[in-house]
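Worksheet: the structure to be examined is printed underneath.
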Amino acid sequence: MLPIDDSPIVRDGKSVILAMDHGLEHGPVDFEDVPEKLDPAQVFETATHDAVTAIAVQKGIAEGYYPSYENDVNLLVKLNGTSNLWMGEPDSAVNCSVEYAAEIGADAVGFTVYGGSNHEIEMVEEFREIQEEAREYGLPVVMWSYPRGQGLKNDTKPSTISYATRLALELGADIAKVKYPGSREAMAHACRCAGDMKVVMSGGSKTSDEEFLSTVESTIRSGGSGLAVGRNVWQREDPTPLLDGLESVIYEEQTAGAALGNESEADATDAAIEG
Amino acid sequence: MLPIDDSPIVRDGKSVILAMDHGLEHGPVDFEDVPEKLDPAQVFETATHDAVTAIAVQKGIAEGYYPSYENDVNLLVKLNGTSNLWMGEPDSAVNCSVEYAAEIGADAVGFTVYGGSNHEIEMVEEFREIQEEAREYGLPVVMWSYPRGQGLKNDTKPSTISYATRLALELGADIAKVKYPGSREAMAHACRCAGDMKVVMSGGSKTSDEEFLSTVESTIRSGGSGLAVGRNVWQREDPTPLLDGLESVIYEEQTAGAALGNESEADATDAAIEG
Amino acid sequence: MLPIDDSPIVRDGKSVILAMDHGLEHGPVDFEDVPEKLDPAQVFETATHDAVTAIAVQKGIAEGYYPSYENDVNLLVKLNGTSNLWMGEPDSAVNCSVEYAAEIGADAVGFTVYGGSNHEIEMVEEFREIQEEAREYGLPVVMWSYPRGQGLKNDTKPSTISYATRLALELGADIAKVKYPGSREAMAHACRCAGDMKVVMSGGSKTSDEEFLSTVESTIRSGGSGLAVGRNVWQREDPTPLLDGLESVIYEEQTAGAALGNESEADATDAAIEG
Amino acid sequence: MLPIDDSPIVRDGKSVILAMDHGLEHGPVDFEDVPEKLDPAQVFETATHDAVTAIAVQKGIAEGYYPSYENDVNLLVKLNGTSNLWMGEPDSAVNCSVEYAAEIGADAVGFTVYGGSNHEIEMVEEFREIQEEAREYGLPVVMWSYPRGQGLKNDTKPSTISYATRLALELGADIAKVKYPGSREAMAHACRCAGDMKVVMSGGSKTSDEEFLSTVESTIRSGGSGLAVGRNVWQREDPTPLLDGLESVIYEEQTAGAALGNESEADATDAAIEG
Amino acid sequence: MLPIDDSPIVRDGKSVILAMDHGLEHGPVDFEDVPEKLDPAQVFETATHDAVTAIAVQKGIAEGYYPSYENDVNLLVKLNGTSNLWMGEPDSAVNCSVEYAAEIGADAVGFTVYGGSNHEIEMVEEFREIQEEAREYGLPVVMWSYPRGQGLKNDTKPSTISYATRLALELGADIAKVKYPGSREAMAHACRCAGDMKVVMSGGSKTSDEEFLSTVESTIRSGGSGLAVGRNVWQREDPTPLLDGLESVIYEEQTAGAALGNESEADATDAAIEG
């Protein structure tokens, strides 16, 4: 962890990373309901929204589409990933070097570590290399810290997510991307485990505006620094209203209810999430 | 993916790659009916046809025969491959470096990735290295994107081929070579998944002129950019008529029927394929 | 082993290393009773006590917190470690390079070797690389010498701990950190096996002041050179009294009883430990 | 494959490689009947015969004995090998680098590839490295192309040997050393599969002069370029008459019968072999 | 193998290597009866005897103790080794680089190869690297050639030891250290298999002066060049008489009996050994 408040991927101490690596990780099936989003240009367009501090994509998409958006979008190159055609113990191929990411204009790099996997040792050693090389290029490192593997059935339980943020801190990440552990209290503990390192919530599969913004609000109030979101944004035909809402909740620290214009429902939603 | 329309292996935005690595991948058995084609010079002769934008061979053949054809043929060096004497989980040996390929005159390089294989991680990491090194040499990279391995029985079903093209895009290929997924609709989806990256159809085992050209036409009409073909060309005693047909279908965007001089049958054939 | 009496991590030939890598090795659970210690700054504060010759942390914590303490604390960067989410044969990921440790100001480096593990070969080879690189940077190397793995049930029996110190000597460590083998006689043998190399006792899980200081006294009287301690210090709400006691026992070679102000109990305690 | 007719290991387009790596591959047992040949100097003496274009030995023997013969013998350093004390799936240790082989005066290098073995991938990748490095030093590469391993019971059947020569061609060998596939017709096919690359027959275990020379004659008439022979030469107390015979059959293209002075038997022998 | 008669570890063509790596290989248990020898300085003292041409120790011991003896002792750094806490298929960790051995003053390096182990391939490849690097530094290489592993039950039978010396010769060792194969005839064969390379006998576990010197005499008369001895020397309280005896037997080529002052018993002892 180094101070990164001056990084372009941070705005007022917060980050909203628009992720679109699903074509690699999940395959085209994630685009079934919004086939036009198979065109990466459309997602880059979305990333020009002021709420978004960076777009997270794989090397090939960065090479092909970032040049047209380099003035309007900050680029986070995800350095590893795996198809879900492969079904072994969780692991991820390092498919881009830090040097090449820097060359194509990255403002930050991302890397998945599956703590608890039989490949933890190897992934952490790969992380060491990319983290230290990223330091040379002055690029912040975001760890997708996703405990997973033999013996880790429920990977969102509070102790797992707290371990996930701590792992990221100890190993030298600048931001940890973790799943929401189910309650504001658990998220707050996970953020405390991270010390001064930033924690962003992982967006997960598509839910309603209310549910999603409430979870984000809960993350922010727990000490989180924003979110990395994919499907909840680009699987919407028009993501603008949700992005406007995220801007209010994250940077202006409004309640989800206020951001959606129905203040009165906010507490009820919170209670439901924390229950 | 980088813009490659100015590459010598592209003509009017299209590519026809004549592949002859079967001696390594399948063994001499593929030459049983045309033993004279065991002489690589004969296949290089065929590659001088205007329809062909590159010949794809392994290092040893490139070393020995390309010097006599360097003015008439564009060279794509395939950088990995495996004999079928070996019967393990799909994998492929990296048998030529990018540096050496460049030294012997390559205009492009090719690399197989078996997505879904237990060796996917390793192959993708090898691909990273060759892709980034190819960038330094300014050589386009063609990915033989062939999902295969544990749990992937039918490797030409539409969702598999769409995943194959997307994988190639995300990982940074310039052209993806994939199998025909059985229908024009499926091929069109596979091409959409590839964004702006070029997709070429894999020729497969020898069929009739009609069936072959119709499939090629279908690929072109689906947004494909040509084909990589081996046996359907050099297993013919005289490949010229078929190459003439390919030239019409691919560069002039004629129907297969028109290219074969029997326009009336074209729609019927299309229907059969798409059925 | 090289002479290291002039190293900042040694005071009068002795060392007290305050270790705080538990967030990685054990997870946040070790901080359950003292949640405020999840903030690494609090443990760095503790490390400013004169008794402490170095703080041992992982790279990420060193990056984030050492800059505020570089004038008051000596830094030992632990170069490998593993989460306990992972449950395979003992192994440890090399998560920091010697070069990077030096760059962020390390005064020494630490490395775990699990002798007897199925990964012994690999870990010893990693140790070779870090040890030789540490020599180039003039950094002392502390080996966490922890025999563990298939067939090693009781990893604190006297012969195991004696083997542990000898391994560290033969492989080129400057200090071996080993578990207390249960008796003063066994500890003395372990120290003899180490030749002129320094041996420090591993603190282990939290016990009473009396028990802990008596074990430390026993180590010092056996020829040991101090201790590496974590939970027994920072799991205490106010660690100062214990650190004062350690200072007396280790540098002034007082008895544990004298250090605690109840001299008369000292012999009884010793007897209990050695029994 | 590069043109190598000007290489010192080729004479009039042909090669006779005297191999003596049996001490490593088979152990001293191969020298049981000729214990004086345990002295490598004796085999180097034999290699001074005009019929021999190179001696093939391992690094240690080359280091120790070649300096006394560098004016009279051409040196081929075999770069990998394995003892038969080891009994796993066919593999071979790379025991000499190309750079070192060049430094000790090699005129060519040799490398075994077990196509079809579970180690094929790894061996082919090792071959890539040595082949490309050999190109930098201008050293021809001889591949011991020996399909072997899981599922490859009879490793001299015609289709296996034809695959073996083709593999060598595709992977960039300059000469393939293969076993005799049992008939002149099969050997001719194997040579056709090799394109312009040279194929030499592997000598195998000791047989009579008649049988051996007839097989060699058959190889030459099939388009082969000579042989690599060990036991059939140095297991003879006086190898000179056989070497004289090989000179006649290989360079002067005489029949085996003529070379042995009993012309009339030649056709009968041929028939027997081809039967 | 290179000529090494001018090396400091050779005296009149012979070598006596005092080995003390038992603390790593066997653990402190080997010092049970002579605990004072746990102090490496004591063994270095012993190595100052004129009979000893080199002391063989691991890196850590060399670092710590050789500086005090560099004028009186020649240093052989053993570059690999493994604890017997680990119980897998025979293997050995490379725990010191050639470069570092040279830096700390080594006159020679040593390396174990377990021919026949499932790790033979890997160990031979490691040997290649250290052997070639040792050539650059002008350091002789001693191979501990110890066939061992799956299927190798009796690792001192004559054919195994002969294979062991041959392996060392073919792979480029300058001296092979092998176990005594049980008879003078077998040792003589093992030496013949080594060509011009030197063979030294491995001392093994402690025996009587008579038995030990007789075996050494047998080795010398068989063409051996000395011995590498550990326990038989330093497990004796006063090793000087035995070292005097070794000096007589090895450099002056006296009989064991004469060396011990009881000439008449010599032949009988010989007969017993060879029986």
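By letter and in written order, the chains are A, B, C, D and E; residue numbering begins at 1 in each of them.
The working rule: a residue touches a chain if its C-beta (ideal position, glycine included) is under 8 Å from a C-beta of that chain, and two chains touch if they have at least 3 such contacts.
Chains and their UniProt names: A, B, C, D, E = fructose-bisphosphate aldolase.
Since the structure is predicted, the reported quantities are computational estimates derived from the model, not experimental observations.
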Averaged-CA centre spacing for the pair subunit E and subunit A, given as whole angstrom: 59
Distance from subunit E to subunit C - Cα centre to Cα centre, in angstrom: 37
Multi-chain contact sites of subunit D, meaning residues that touch two or more partners: none
Chain contact graph, described as a line, ring, star, complete graph or other shape: ring
Going round from subunit D, first to subunit E: chain order: D, E, C, A, B
Of all residues in subunit D, those that touch subunit E in their complex: 21, 23-24, 27-29, 31, 35, 38-41, 57-61, 63-65, 81-83, 85-88, 91-97, 99-100
Subunit E to subunit D touching residues, read off their complex: 1-2, 115-118, 120-122, 124-125, 127-128, 131-132, 135, 147, 149-152, 159-160, 162-163, 166-173, 189, 192-193, 195-197
